[in-house]
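First, the structure itself, so that you have it in front of you.
All chains are identified by letter, namely A, B, C, D, E and F, in their written order; residue positions are counted from 1 within each chain.
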Amino acid sequence: MSKSFKIRVIIPNTSKDFLKNHRAELQKEFPEIEVVSLSAGPESVEDFLDEVIAGPDTIRLVKDAEEKGFDAVVISCFANPAIDACRSVVSIPVVGAGIASLLTALSLGERIAVVTVLKETIPSIEHFVKILGLTSSVVSIRAASIGVLELEKDKEKTFSALLKESLAAVEEDRADVIALGCTGMAGIDKALMKELKKRNYGIPVIDPARTAIRWAEMLVKLGLSSSKATYKLAPPKKRTVAATKF
Amino acid sequence: MSKSFKIRVIIPNTSKDFLKNHRAELQKEFPEIEVVSLSAGPESVEDFLDEVIAGPDTIRLVKDAEEKGFDAVVISCFANPAIDACRSVVSIPVVGAGIASLLTALSLGERIAVVTVLKETIPSIEHFVKILGLTSSVVSIRAASIGVLELEKDKEKTFSALLKESLAAVEEDRADVIALGCTGMAGIDKALMKELKKRNYGIPVIDPARTAIRWAEMLVKLGLSSSKATYKLAPPKKRTVAATKF
Amino acid sequence: MSKSFKIRVIIPNTSKDFLKNHRAELQKEFPEIEVVSLSAGPESVEDFLDEVIAGPDTIRLVKDAEEKGFDAVVISCFANPAIDACRSVVSIPVVGAGIASLLTALSLGERIAVVTVLKETIPSIEHFVKILGLTSSVVSIRAASIGVLELEKDKEKTFSALLKESLAAVEEDRADVIALGCTGMAGIDKALMKELKKRNYGIPVIDPARTAIRWAEMLVKLGLSSSKATYKLAPPKKRTVAATKF
Amino acid sequence: MSKSFKIRVIIPNTSKDFLKNHRAELQKEFPEIEVVSLSAGPESVEDFLDEVIAGPDTIRLVKDAEEKGFDAVVISCFANPAIDACRSVVSIPVVGAGIASLLTALSLGERIAVVTVLKETIPSIEHFVKILGLTSSVVSIRAASIGVLELEKDKEKTFSALLKESLAAVEEDRADVIALGCTGMAGIDKALMKELKKRNYGIPVIDPARTAIRWAEMLVKLGLSSSKATYKLAPPKKRTVAATKF
Amino acid sequence: MSKSFKIRVIIPNTSKDFLKNHRAELQKEFPEIEVVSLSAGPESVEDFLDEVIAGPDTIRLVKDAEEKGFDAVVISCFANPAIDACRSVVSIPVVGAGIASLLTALSLGERIAVVTVLKETIPSIEHFVKILGLTSSVVSIRAASIGVLELEKDKEKTFSALLKESLAAVEEDRADVIALGCTGMAGIDKALMKELKKRNYGIPVIDPARTAIRWAEMLVKLGLSSSKATYKLAPPKKRTVAATKF
Amino acid sequence: MSKSFKIRVIIPNTSKDFLKNHRAELQKEFPEIEVVSLSAGPESVEDFLDEVIAGPDTIRLVKDAEEKGFDAVVISCFANPAIDACRSVVSIPVVGAGIASLLTALSLGERIAVVTVLKETIPSIEHFVKILGLTSSVVSIRAASIGVLELEKDKEKTFSALLKESLAAVEEDRADVIALGCTGMAGIDKALMKELKKRNYGIPVIDPARTAIRWAEMLVKLGLSSSKATYKLAPPKKRTVAATKF
């Protein structure tokens, strides 16, 4: 990526391990990118509650990014928590990993499968698929049954679970593109494509984190940002969040 | 409503005026109902940001309701903020005013119009309409261009703006049912129906707050609550929210 | 239910046994409710022909209910025969058991399965699902292969067939709510939910008859009835039905 | 039409005038066709009630047609009353004028407008459009505000009302095909096309009665009839209709 | 078919064997019909490339048909290659075999399955199903895994593959009508229906070539042709195709 | 764009003027990009016929690009002619300008309007919108009534026509993003956004040519290409195109 752009990648969770791993993974390809995570929020985003809890601090970091002169922000989470609110508070582009992945997938195939972490994560992915209007293109959302913070613990187990669900998506759901449904799966796409290829399946596999970063880069180069007809605040008012634990 | 049921009505904003008015309005018909509002959150829910900000304290009050033995909870806001998360943290029914209104409308007609507060509020209503799968039944969402906290200030102006948009919905969008798109409009439905009737339009108008309370009552009597296949938490983890202002 | 409301439940068939059983079942919970059935019509409603045959006498009983001062009418049949015509001839609310069940289900989950009587019954349920615009939310309609009038004959067989199809709906179709697709199944919901719970499925099961009665009660309390923009007669004309047998 | 086929055209109303006119109109082109109407039913089919009332006698005439050796039956009414039940009781094809018209329209254009009689007729047309799954192709349903039995009374007024609504459909709704929404409009299509052509609109206009007859002829020649997987009766039972007036 | 109509059937491929067989098959029923095929194009139409390659010469033959006084043209290929362009260049009706088959199927049942030649052929059928707006009615598209030019080589193998996929469509996909997805399958429909009937399935099977010819005949008799609002050329310009091989 | 990527931009028409202007426009931003156009084809792509005529030579240039070592191909035309066939013949990514524009638009807003050249061009855009499954997100397609080759002739007229339709899209169709519907409009986006901004509309305007090039760049960097499950040829066969004029 050209050095002239500044993109902030926000991980909407509080796990230090996730931050360390994700930053390391992304900096292999994007050495100068800033990768930050939440001061307060859920340890990982895996269900509807996590999405709400992740919201306030994600929005704070998005506003902060604009103030600090970043050109774009990436929410590095397939569930795109609080994305609409984030878009409403800044004028720079805010890219959600799940949204960028599905839209990229639609330019490569016509029957998208998502392979995500837990069964509990599926409904919130279904919600944003419906909001995007892509229900007829997303043919299945499958869970590998490995939590976000477990993905890195036993990489072989993770890989074989992802491969198993990807094969099922191709063979049972007739998927023709696979989107990895958690940014913690970054970097696994190429090996999965290779295994699928060995079985004679020419199926693109999408890395949601890299895709979102490239999407942000594309928008910046094109000089485009979110529509202010849709992502726009009502007149000013008092808004406070209290410290809480859940 | 039978005294044997305990329903908590949660207003997901922090406005003392809204609380006072809304409680007074509801207690005309439901003298024993508990009506509470947020300790921290937005002053009113009118855009995507408000929804996120309203989330954490709404969820706290929902959990608290279950702990205190309430039989059901009503989120008294047409935008149903954090409803999925709320459903995930308790086993009692959680009723959103917008959801209950649209589903009730569908049993009365086939072309629903929503008349809400501000243009900025429309996109978040569109999102939950899409999630409910009702895009083909909701024919228009119109804004009266009066903020939530302004509704009570000049009641005549409010009434005439709502009537104007309702008539436009009927005449231009061919709507056959109208759902008032803010619980701050509670109690206006009957007069609107009357005015429409005078113009020879037999159009039901739905009061979102009363409808949600009756819905909660119905679910409790039927012994039904949210599906735990969909509204369910991932395994326990640390989730924190920090005090913030927006 | 408050004594101040008068609701007539119309069973749109001519079976004396069904009437006796259904009345007994409903009066357990609604001791003062009026439950009537057809003088002429089909013995049970299980296919497209039954729906047409049930129409004229159902409409007569609906008109009669309004004349006699009832506040609402329930068509106690999942197929809601002649519901649109019924709504067109009166100004009180007319509630169809299938419609009320599906709309209630949508407030509890997002992927509804219907478990009905016969394979021949499925297409007419599909039709009203399409008319309601709920095709994307109703994920499957399954038949227990037991006719309406057989349901009461061998209750164990009935229960085990319903449980089998409910489990298939949950496990194969990923349903998260189940609507029992025949009002002759009234009273079975709780035991089914219990069995599902034992298998760790927190799936609401909807009793269509009770749900429709509660829905009628809700509409009466809210002062709402069908839209006269949609359910409205053309100018007066002669309409006759001749006595026939099929 | 080849003499070797016998098609019965059933008008599902009781108007003697309609029968006389419609028979005369059809026999211009199909001199040997049998055109019959109901002994009991509504004087015309214009609303949901008419459809139900028309059902029993229409079904009787369909069964009778099969017994008398007809090869196919046409229900000469855009609303296709009781069509599913009719298909369920015989093995010969049963063609509905509205269904045949819309499907023919879809082979000529992509944005169909229906121009029908009364505003009260629109909802029942919407229902069968939804059942056919054609909501995205039918862009508007307009009413000429002339009742079925008035169409012949002042032919100039009828023509100019149909032309007015057709032009509105083309210019405002961007329709590219028009289906006349009442079989009482048979024979007006050519003159309408000519008027549209004069205004430089190359818009096909569909005569629902002739189209349904040609459709029946096509099915007979192809040796095709309704699917018995869908249009099929439940096991035999007693079905009676009592004489009534509405 | 009446001698007074002249219909040209265009096979959009260059195979001499296909032409000979198809002409012989069609002339059994339509002795005077003209059946022609391409001078240049693909040997068979089985994938997206074939459709493009077939386009120019198909269009030439369609224009030529109008010049020679034909009343209608049939594109005898389930994929309807270049149909929109063909309709744009002439004023006579142009009927695509796939389109006519699906629309006919919709008048016989509600859940259509297509059984076509190769897996590679499925995506292009999916495309025209989407364009027609029939995705909710077409429940599956299955491939017999026999290429277009192989269908005639081992008729028993072809028949048993088609029967196998038809049974799977009925039993697994719950299809209630089957459309044969290649005009090279003309004449097999009756035997398939018989075999399905033996297994107690009353499923119509549609012969795409005969259906398209009957459709053309129907349009000619009705005096209808394509909408010039949709199928219309931009102002004149130079358009050339160069000789190429692929 | 990094020099290490080689992208070929194919203009699927034969106009020398269009080539000169488009190349000049693109080389302002992408100095090393290769921009080529057809040897044979239509002078411009404005209707269904043009799309077919453009197909063969476009496919030839796509194959040639892969053979010459290009990393990706852009079809610089909003109608994406022959895109599915192009994807089927190579393993490098093939990006269509219309597809990339709509998918990019969906990451910026929720109600997309396309402003294209001629009324005759609208139906073919509608077709690919349906194939992409984006009908619910594309709220209108408007024509500026200026042909492709006229766009450059009177730039002021072009600009004011585009602005007029863009304003209508925003004000009448409630669009929140605008996609310019012809690659001949490249470079006009920024000025349009500015004019919209002056009127207080924060509406992104998408330049289809630049967007497609950036999309290609993104796919190359991500190592992704079209799914070979969907875009795949049937077994080898003879395919020829003859020289023709239309």
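Keep in mind that, in the parts below, a residue touches a chain if its C-beta (ideal position, glycine included) is under 8 Å from a C-beta of that chain, and two chains touch if they have at least 3 such contacts.
These numbers come from a predicted model, not from an experiment.
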| Any chains in contact with both chain C and chain F? | A, B, D, E
| said: With centres defined as the mean C-alpha position, give me the chain E-chain F separation in Å. | reply: 30
| said: Could you work out how far the Cα centre of chain A sits from that of chain F, in whole Å? | reply: 28
| task | Averaging only over C-alpha atoms, locate the centres of chain B and chain E and give their separation in whole Å. | result | 52
| Separation of chain C from chain E, taking each centre as the mean of its C-alpha atoms, in whole Å | 43
| query | In chain A, what residues contact two or more other chains? | reply | 110, 123, 131, 133, 136, 230-232
| Is the way these chains touch best called a line, a ring, a star, complete, or other? | other
| Chain pairs that touch, as defined at the top of this document | A-B, A-C, A-E, A-F, B-C, B-D, B-F, C-D, C-E, D-E, D-F, E-F
| request: Provide the residue numbers of chain A that touch chain B in the complex, in ascending order. | output: 14, 39-44, 46-53, 55-57, 59-60, 82, 84-85, 87-89, 118, 120-121, 123-124, 127, 130-131, 133, 147, 230-235, 237-246
| Where on chain F is chain D touching in the complex? | 123, 126, 135
| query | What does chain A use to touch chain F in their complex? | reply | 93, 95, 99-100, 103-104, 106-111, 131-134, 136-137, 170, 174-177, 190, 201-204, 206-207, 210-211, 214-215, 217-219, 221-232
| request: In the complex, go through chain E and note every residue touching chain C. | output: 110, 136
